[in-house]
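Should a chain be cited, it is by its letter among A, B, C, D and E, assigned in written order, with residues numbered from 1 in that chain.
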Amino acid sequence: MVVWKPKIIAFTCWCSSSGVDQAGFEGFKYPANVLTVRVPCSAIVNPSLVVKALQEGADAVLLTACKPVELRKIAPSRITEARVSLLRRLLNTVGVEEDRVRILWISSNEGGIFASEVSRIVEEVEKLGPLNLRGKMIEQP
Amino acid sequence: MRLTMPSRNRHKGGVEEMGLNPYIPKPVKIIRVKDETPDTKTITIGPKPFDEFTPGQFAMVTVYGVGEAPFSICSPPSDNNLQFSIRKMGSVTTAIHEASPGDEIGVRGPYGRGWPLGEMRNRDILLVGGGIGFAPLRPLLLHLLENRNKYGRIAVCYGARSPSLLMYRDEFEEWMKQGVDLYLTVDVGEGDWKGNVGVVTTILDKPSLNKAETIVCTCGPPVMIKFVLKKLVELEYSKENIYASLESKMRCGVGKCGHCHFGSKHVCIDGPVFKYDEMATLPKGMSPF
Amino acid sequence: MSSPETELRRLARSLLEKKAVDLVIGYEKSEAGVRPCFISEPNEAERLVWNPDCRLSLVRYLRGFKEKRVGIIVKGCDGRAIVELIKENQLDRRSTFIIAVECNGVYKPVKYGSSKLGRQIAEYCEKCEVRISPIRDHLIKSDVKALERPSPKNDGEPLDWLSLFRKCLRCMACVRSCPFCYCTECSIEGFKPALVHKLVDPVELFTFHLTRALHMAGRCVECGACESSCPVEIPLTRLYHELNEWFREKYGYVPGVNLEQAPPPLVFKEGEKP
Amino acid sequence: MRRTTVLLCTCGSTLLDKIDFDKVRNELSKKPLVSRVEVVDGLCKSSVVKNLSLKPSERIIVAACSSRFLEAVFKSLLSISNVEFVNIREQCAWACENKEDASLKTIRLLSGSINKVVRIGLPKSHEDLKIVREALVIGGGIAGVRCALDIADAGYRVYLVEKEPSLGGVMAQLDKTFPTLDCSICIEGPLLSETGRNKNIVIIPNSEVVSVRGMVGDFRVLVRVNPAYVDPEKCNGCGECANVCPVYQPNKYDVNLKPVKAIYCPFAQAVPLKYVINKDYCIECGLCMNACTRAAINLEDKPKMLELNVGAIVVAVGSDLFDPRLKPEYHYGEYDNVITNMEFERIICASGPTGGVLLRRDGKPAKRVAFIQCVGSRESGQGIEECSYYCCAASMKEARLILEHDREAKVFIFYNELRAFGKGWEDLLYRRCLEDGIVFIRSRPSEIKRSLNGNLIIVYEDTLTGKRGELEVDIVVLALGFKPSEKLAKLAAALGISVDDKGFIEEAHAKVKPLETRVRGIYVAGTCHGPRDIVESAVEGSAAAALVISLFRGESIKLPETAKILENKCTGCGRCILMCQYGAIIRDGEKIRVLESICNGCGACVSSCPQEAVVLGDWGIEQLAPQISGMLGD
Amino acid sequence: MKMFSIREENLKVFLRELSLKHVLIAPFKRDGYFEFDVLRNPDDFNVNYTNTRLSPKRFFMPQRQLVFKHYPRKGFTEELKENSSVVLFGIRPCDASALSVLDNVLLNPPHKDALYENRRKNAIVVSLSCTKPMTECFCNVFETGPIRGTGEDLTFTHTSKGFVVEARTQKGIAVIGEFGELFREADGEMLNEYNKLIREVLDEMGSRLKVDKTRLIGIEKEAGEEFFQLNAQRCIECSLCSFACPLCYCFETEDYWEKDSYVRFRGWDTCISPLFTKMASGLDPRVTKADRLCHRFCHKLSRIPLTFNAYGCVGCGRCVSLCPAGIDIREVLRKWG
């Protein structure tokens, strides 16, 4: 029997992707079904891409970004934060569990946090079960 | 809803099996890629996936994973390989321009109605081409030269925007050697161009042919065809004997997809070569008049 | 007091006679009900009608007449669309003469093969709070008494959106009828096979509808043009309403009610929890 | 056809037992679009890469370690731009529990990259910008002069724009500098004259920057040159004109304490040493014109506009001091003997109005002097609310100057916290102050009163002892805090750079890009981006010069990827403008435009555009969506 | 052909039997309107159903269909064939006639559309006459209904005494033979009622719209540009009319690649789209919306007839009812037909 493992897409910004690299460098292990897509900044990720990832078979999508510093006026990841919130509302409305889309604050020296957070999220997504949008969109109930 | 269970039916791509589904291209290898003009390449593919065709017919060329488009065959029927001259335009042509020998493309055809070879016997023939539009005329010209004694005088009027955009330049000399009256013109001269400058209609009066009996074959951009037809009639060529090759978007090549259905004609079946009076029945936009 | 229809015709005629506008976009009677019409001669103004079948927003037609001075008949929601379009720099307020007609709700369309008994007010009209365009050059009050609004349905009852999306043909009627879909190249039409392919793969209908919802979020004025054009009756307005609610909760922004209020940048202020 | 080469690196064979390279190779070879798969050992060695005979036109996927190391090898060494990097070492080999997982993850990540790399057009054009190797320095204070000299010494032409008739700035007005009590003009003077002599420096006095267009490497700067009424080409600084001039005016250089003629040269060491006329006082009698042997005077002189084309700009305009009139309890301007520290500098200076003798306004010698610190700083609601940096040291220096002049004098310093932390500040300054018997009182005096004899009485509460007291002195010197100069905001707007909430120029990053502004190619030095002392201003001048020089040393400028707007698609809805936190997108008439020099490449605009009319590198939906499909497509 | 009959109560038995041997597709109500789909429970079938919102075209020409798969390193092309036998029960005569038009176009030699032929060959089409045509219908114009169409294998007509069943093809006769015990020959009384019904319905429809079809051929010239321009103003360029039409056959192809192969799909296209005739070079013989609208109408009323000897419209009325902008093909027919 094939054990189902969730597939997770993680959009990682420049900073957090070097955090992801650091996780490997320091020898932190995390589930292999987390696949990273490197982008320059989390704000470049169009929410439609997150939707597309779910459609293509991802069971969850993470956006890892730099935590906005409190006093800095400019922080594009605040945009990501808002978009994720909007997207979760939308997914919730159409009947997809909103926890399948999350934002994670990971900076470039937080590989350990990445590894542990991702492991926790994978467990949670396992509890949610497969999303299987292809099945839901094509086959009759 | 799962309506049916798909069953798999594999083809080795043989000619006999191609008859089953007209939409399946046959994979062929690219043998040569030649730069014709700055934006046009001539690709040679082989071996020829079908035996016979009439000059002026076209084939559907597939770049796997990218798309399919119709191209005039520009090599003569006697050739063992097939050639297409392809100008970089959209996604398919761009992909072909990136191709190199050994790459695989798909071909199906030949489709459409070619030039009226039967009508041409023992008559004078005038070919009028513009830019990339010379591609469907080249197989005709080469075919005529291979059977030189069966036809009368052969004249070619060929124009392009600039000298570097004239295709098949390396063959001009050979054509003339074999008795072709070749008249060239360009819209804008450049470099050491000493020939005629002006649109192709300015040289149409140069060939001395038996106008009433001459078969005229023309191909080029729609505007050019429009003015060439007008000029030909002015020069007292017989409307009966004027043919032009038109182009249109196509998806199937066999009259099913509806894209080239203009008036009561399908460009893919009733064309691409149309007679003068047939063109007059085409709806506005498609008709050169 | 004359009927709104008479007033409408009189106004359109005088606007055209005075050459205050080049044409008036309104509704005329058709065999199947009511359809958009484009009046440029004063004596054609008699063709104009006004009734609860005038549901298709005419605002989407404005982009076809950018060079002309246009008089347009708008309901409350259509007016909100105009407000939002002005903010998005898509409309020249000065070349548009807005004829606001008080709207008491429109009927749901009766489509091929559905039973024709009884006319029902459209669901999105039940929720409507803006019955008169917030932006206007002329107001025509209605003498028709408000269409009976059944007690608003329980919105809490969730719809099976995925099975609704499954019915979609991706005919693009929702996009094409929408006042806001003025993009020159719609990203979900499949010109470039990135989000969706040119040919309709049913699983991509999920991406199609969610992307469209994201594009409409915070802009949709809930005029119902998409929903009433939809051949398979997907209640799209309800989906977009849900996202509009998010904007209202987070930023207090309601599209189309206030020309001065700029659309919010999609950013959380400090300390706000997503 | 869009074919792809995949290079798998075994990292010195260390990854062989972590990833099943044969399996990866087999799986990838089956894919459409993959033309070859190579397993290589050590892609970080350029010799290895060269042996692969890769063509610049190939689409290449590099599956190795972190791209930070490899980008250089591929992008610069081989000038291959269509490369995608996949980190199979840190992200697969080292992060997965077992070989099977790592291999599967490798295949998935690579499948995504294969799908992405073919969506990148061939070849990618890098838009390189030309560089105009000339610089503009705005402001001729110590920071600006130091900067101009350093750039000029590296061989580049510098335009030095100064609003006053002479270079020098605040430093030229000071008597001595702390902590060593060196003569200020004696150190700055030589620098100024060196600047004047330098062939690479064009000094443009009496002028202001009006507007700036263009971007890094190619700015067009419009400068207004105010009329001096004396032709600088002809004037040789002989001073005959001033001798005959019948009108006096207060000299700004001497903080209005000492009169000069209406046609004047601000100070003896001025550079350029040219006379100017102050039209506010000139009565146009024409005497100077008669006196001038070179006919240099033209009373009809008009402002001139000058367009400069430069590659880089350094802003070193300095700042203003707090206006003490805003603190009515100190009665500045009302009580004669309440003076500012700048006035003190001129009074104590040997070339000043009193020839260096500290006198009360009534002419009596000042025996008791008090300094009040933090006037207009470190106080909410007034001034800039933060430490003004220079004034503790400056007041201590000034206190010692008093004692140098008059051993008998008694000096008091009212301070809040004494901040003396620079090189030599402890031993040369603070300790000597204590030794000299200068009295430090920790207090912010609440009021200055005037006794009948004209003496000043400072009312204060000592915050160390809690005792209230009153102190009678001859002179009170107010140590004023810095504040942004009034014209700074306007200048910043003209330059397209931002100011912070206090009104000083904002740095690109306060820590790691302290001298860069949000506009590439515009740098900042000196007090215009916050309080500084002379040393730091000079350091920053040199540092900014170094930045300019390193910019000029490059062949061309490779701009980091910035957003581009596809004009044929853009509908002008402005959602990108709303999203851009850098203010890098503006509406320019009907069109929307990206200011490339401001754009930071975050891509918030890209994802806000509903029809992908904004693009940034290879990070659009068109590339990322296929990448995702590739990753998930098994 | 021979006329049979089946008792009303036996219809469900017939349907159940059919569904055991074939994939049975029939209309049933879902979300407020009727749609064709696999009928699992014969009780869901309603004899008096109003025609389906969308045409049954998709069972023969799906909205998207695989043409081939090509494996790059194996050198062969794979074509998917679907072989299960399908019964389309209860299709209206107009929609059935649309299939015969599709046959004319797509199976027109020398090149047959193999994908369509395959599905068509494996399908049995059973129509159910319209005895109460909808207001939008005008099938009488093209003689594609309301009682008999042209593309069906069997025609069922509901009368007070059960269904009159006409076998129209050999395939239809074979079906009757297969379920012989349920059918018997139609008696005279029944046939009388049947004939009366035909007359009544035709009279009713004829009073709505009468068209001189011989004039349709010239419509392209006669209609004039103004009419199309007027309608083009309101056309919003969605593809609803083409997608809903039971015989709009134009298709578009799309190529891409999957995990291990190149694939080509084909699927519905619409001539209303500005890209329909636009070539890669940017040239477009049909530039304006009015041109495209003109083509849509003329294609149906004169161009298909001239080329394929069948009308390109069966009068089902779907485009009339569904068009968001109220564009009405009946206007063309009434004005110039």
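Here, a contact is a pair of C-beta atoms (placed from the backbone, for glycine too) under 8 Å apart; a residue touches a chain by one contact, two chains touch by 3 or more.
Here the structure is a predicted model, which means the values were calculated and not measured.
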Chains in simultaneous contact with chain C and chain E: D
Farthest chain relative to chain D (centres taken as mean CA coordinates): E
More contacts between chains, B-E or C-D: B-E
Centre distance in Å when chain A and chain D are each reduced to the mean of their C-alpha atoms: 39
Distance from the mean Cα position of chain C to that of chain A, given in whole angstrom: 35
Whole-Å gap between the CA centroids of chain A and chain E: 46
Cα-centroid distance, chain B relative to chain D, in whole angstrom: 65
Residues within chain D bordering two or more other chains: 32-33, 579, 581, 621, 625, 633
Of all residues in chain A, the ones touching two or more other chains: 47-48, 52, 79, 83
Multi-chain contact sites of chain E, meaning residues that touch two or more partners: 72, 252, 254, 256-257, 262, 266
Sites on chain D touched by chain E in the complex: 29-33, 111, 633-634
Chain E residues within the chain D interface of the complex: 72-73, 257-262
Interfacial residue positions of chain C with respect to chain E in the complex: 30-38, 56, 60-61, 64, 111-115, 167, 169, 171-173, 175-177, 191, 193, 197-201, 225, 228-229, 231-233
Residues of chain B touching chain D in the complex: 63-66, 95-96, 98-100, 103
Interface residues, chain A side, partner chain C - complex: 47-48, 51-52, 54-55, 70, 78-79, 81-87, 89-91, 93-95, 103, 133-134, 136-138, 141
